[in-house]
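The structure appears below as structure tokens.
Labels run A, B, C and D following the written order; every chain starts at residue 1.
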């Protein structure tokens, strides 16, 4: 699977317009030297070898963790990705946790108090939150909290270059809120419908007939609704990354998304390829995770004869 | 009935909200359950027999309105209890067995734990070991072999018949006075049904629990129940001892029901089919609800205009028919 | 059997009333839809949007691509209802033009995805077997591939273009409709009336036309609305990131990209509020339509 | 009477992937032989999972036979091509268990009943509707039902629509898969009476598949008792059910609730559950639950042998012919 994706990316890079060696050499180099320089660059990049050999070389170095060097910053791509991973994980992780902390109780309450005001309000808010593009929401957020109220920063991770935890948290508030709202909106709906399905099951009525109170019955339903939820959660992560990319861009958050978009503008192929591989690996891991989690959580699968 | 009733329903009336209107689902349901007896409630789909059971413990859909005169149980009126008090009766003093054993157990909790839970809800100070001991005792009583190990399995590892026994064990674990069994064997095969009915009868014999057995199957009733409540269109039409009912019923509906069964006829004979279909609860006839389908020779104008009440006949049997004292002939 | 209003069993007939006597199920569904205010509002808003982007540019006196620098950055006025941007282009004309691109990408991608997805899903569900197992696996994986990121990679390497947007969106969105169609077909295949049709001697073509398509269609319509919403949002996101529709051509997404500088953000809200609201309104109304259709065809509801 | 349909050593196996992903072969039907004559009524009886429905479905080609031979009026129809299959379906029709699911909710009753006519080009605008009305009347439904939709009808009415549809092509044989088990008792009688009439009036033959002994006994002449994919006993209905030869038949009769409290059945309680059809016991499939089983039962598969009077049984230790399972006591 991984091999297929690697081949696909390689082919894609080959199809790209323009010669990477050309772009490597400054345009203003002397006309006579330029051909020499391009040739040298081509040899250096291995572009003079037959295509299959190039692939093997590329794939070999890929397996060693060597993703080549950025055209623009000349940093090793692998290192660049690693550097950018931290802020992105921090952003996504906090938003995911915050979003779920909102979604779980709200979804449960909406299901238990079905067709009440709470349910309708939660439903309306989540539909609106799903329909509003995250970058537009982010712009609204900046406009209100950074521009008008001047209570929150509009961009970056720190004011100074210092790593100060308080400052970091302060900078996290807006981007995390924007992302968490999207998470909360999506999962409130999942949890609500999962809970409704479980609450309608016969076993819930049987638990109430045993003399259980509403809390105990709800917990039984929640445990059962978790089973499909964990797989949905695992499969949601890649989609969530795209939300993070957008938000990073607008808040100048120094994460992978910002890196990818900058690379996109300057056509930094190695960085884009590295990012593509990263996304592909993430998708595969999340799919695997979904399968594994499913067998762990559901006793019907776990104890199958 | 010589024994004092443990449970007595008096004029239970239930409205359910469908769409914008309330529809009357139960009309003035009245009957007693004696200690230690097996009483059958029989009726076709939509007759209200399941709703009657659910009304007793108030396990009703959210938009239900119970306007019972009284559901008497141990000196209290269940219809007037607050939720917290009601919970002390549910599962503790009145147990419940549902129709489909495949769906009444929580699929992600071990069977034994679910029975333990039923015990521990009502015995909060009881330890795990004590609860498990009770659970195993009940599982053995209802005939689950190798209870100790099977209790650690999940419901999907149990067959339907075994699961229904587990549900019965769960209903019995707090030593209740009454068990409400709502079509407990309908989803099961004949040979398995026989085993489960045996388990219910053993519970009655050994624990002295009264069983309210709700079923559409007159055969099951005739096999295990000592008395029968016949329901039609949300009301009780007849209450009789099982033998009397089968030999000489006092209501044309009960009579027709008994005779519409193939087992009551010789092979190939036309069966007694009740023409038409039960009325819609939202659109009950003004008189006797059964009048439009009734084939009794005594049927008269009175049946169409005046709704008969459940009253004793000359020989003391309860029937909701204006002509309860006439012999009920069944016309094919 | 009980007297609950739940669908408790095969013999429990649904509630009937004389009012509903001879009404075909399709008309009943329409009636339910019309009674749902959110769904009707959604349909109206979307219709207005479509009409606006189709006819708006014809009615507008300004070109969306050419501006007059003299009137640059002017606030909304009688001449320029939504003001002008940094190089003096009429913002209203750009919202119309941008809407054309955004809605075209959204609808085309969704249409392509629905057609492909429904076809693949239906065949996969109907024939089953190994092919179905493989297709289901592909569907599962593709469903978790985020379109926006794929576009970034493709645009970064091949360069951004509108046809690429449509193709990539369609390629990544079809699994949604395929999964839905497959699910419906699987359940239809188990329905006894489909089996009955075979015993009755009906030919496969008849079964497909008479039983299968009418069964799958409503669910596909719902899926299509979700896909349109998804595609419009995704287009906006990638154009916002600069990986989608390229300037000077306008799209709602890249209009927001032009305005993300803090100066525009703080002092020229007429440049970013209208496209943002346009995206929001389009997506919200599409979702409302989808919800309305879903509720209307849900036969378990008696209304 | 002449032989209409014959099934020889039919096997239907399904491969199924379990939760663990391992493949198992379910031997739903594992060597069934049957035959039915013109105008005969054959009952197939057994509990869930015994393969009775699969047998019926395989006869009308809803399932693909793994092995064996099906012949109709002497011609092989085991694996028909599309044309042969249509020709076969013109003569042999099927009635489904669930009258809700077997009628397309989006079609009017007229188009539902017209479907087979359209399939065979027997539909035209002038005579078609008249034919539909005639069919509706034959099953006892009024003509104005033709323009309505299935959801407007009760279970019994829907099942009659299903039967009208099956009769549209004037078949010679109907295969009925649990046609009344989803219906209430009173309505069940309507459908059973209709089936008996159709047979008398039209010379129809039918195979009725059911788990209900009373129903089968009432409407069929001859029965086959199935257990775990095989036929264990066949013979005239009354004889087989009153004097079973196979211990399983006896247990099944015993487990079926009697039709009145005065009737007592021999009390045979089978232990345990139905074994898995993917891994049936060696030798006799019933031996794991049989109280008469010996070593030979585990080693040798008992063949279905004729024993005179049109009866056959597959058992190493059959019961005595003189052993009645039902006795009736007069009310004490």
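Heads up, the rule we're going with is that a residue touches a chain if its C-beta (ideal position, glycine included) is under 8 Å from a C-beta of that chain, and two chains touch if they have at least 3 such contacts.
Owing to the predicted nature of the structure, the values given are computational and were not obtained by experimental measurement.
Colleague: Give me the set of chains touching chain A intersected with the set touching chain D.
Modeller: B, C
Colleague: Using mean Cα positions, find the chain sitting nearest the overall protein centre.
Modeller: Checking distances from each chain centre to the full centroid gives C.
Colleague: Return the chain whose centre of C-alpha atoms lies at maximal distance from the corresponding centre of chain D.
Modeller: A
Colleague: Can you work out the whole-Å distance between the CA centroids of chain C and chain D?
Modeller: 49
Colleague: With centres defined as the mean C-alpha position, give me the chain B-chain D separation in Å.
Modeller: Taking the average C-alpha coordinate of chain B and of chain D, the gap between them is 31 Å.
Colleague: Using CA atom averages as chain centres, what separation in Å is found between chain A and chain B?
Modeller: A distance of 55 Å separates the two centres.
Colleague: Centre to centre, by mean C-alpha position, how many angstrom separate chain A and chain C?
Modeller: 23
Colleague: Please list all residues of chain D that touch 2 or more other chains.
Modeller: 154, 184, 187 - these are the residues of chain D that touch more than one other chain.
Colleague: For chain B, write out the residues touching at least two other chains, lowest number first.
Modeller: If we look for residues of chain B contacting two or more partner chains, we find 44-45, 216.
Colleague: What are the residue numbers in chain A that touch two or more other chains?
Modeller: In chain A, the residues touching two or more other chains are 300, 305.
Colleague: Which positions of chain B touch chain D when the two form their complex?
Modeller: 44-45, 159, 161-162, 189-195, 198, 216-220, 222-223, 242-243, 246-247, 256-258, 260-265, 267-275, 277
Colleague: Can you list the chain A residues touching chain B in their complex?
Modeller: 114, 201-203, 205-213, 216, 220, 223-224, 227, 298-300, 303, 305
Colleague: If you look only at chain B, which of its residues touch chain A in the complex?
Modeller: The touching residues are 57, 59, 62, 87-92, 95-96, 98, 100, 103-109, 117-118, 121-122, 153-154, 156-157, 167, 170.
Colleague: Give the list of chain D residues in touch with chain C in this complex.
Modeller: Those residues of chain D that touch chain C are 60-62, 82, 85-86, 89-90, 93-94, 96-108, 115-116, 118-120, 147-149, 151-155, 162, 165, 169, 182-184, 187.
Colleague: Can you name the residues of chain D that touch chain B in the complex?
Modeller: 47-48, 154, 156-157, 184-190, 192-193, 196, 211-215, 217-219, 237-238, 251-252, 254-263, 269-270, 273-274, 331
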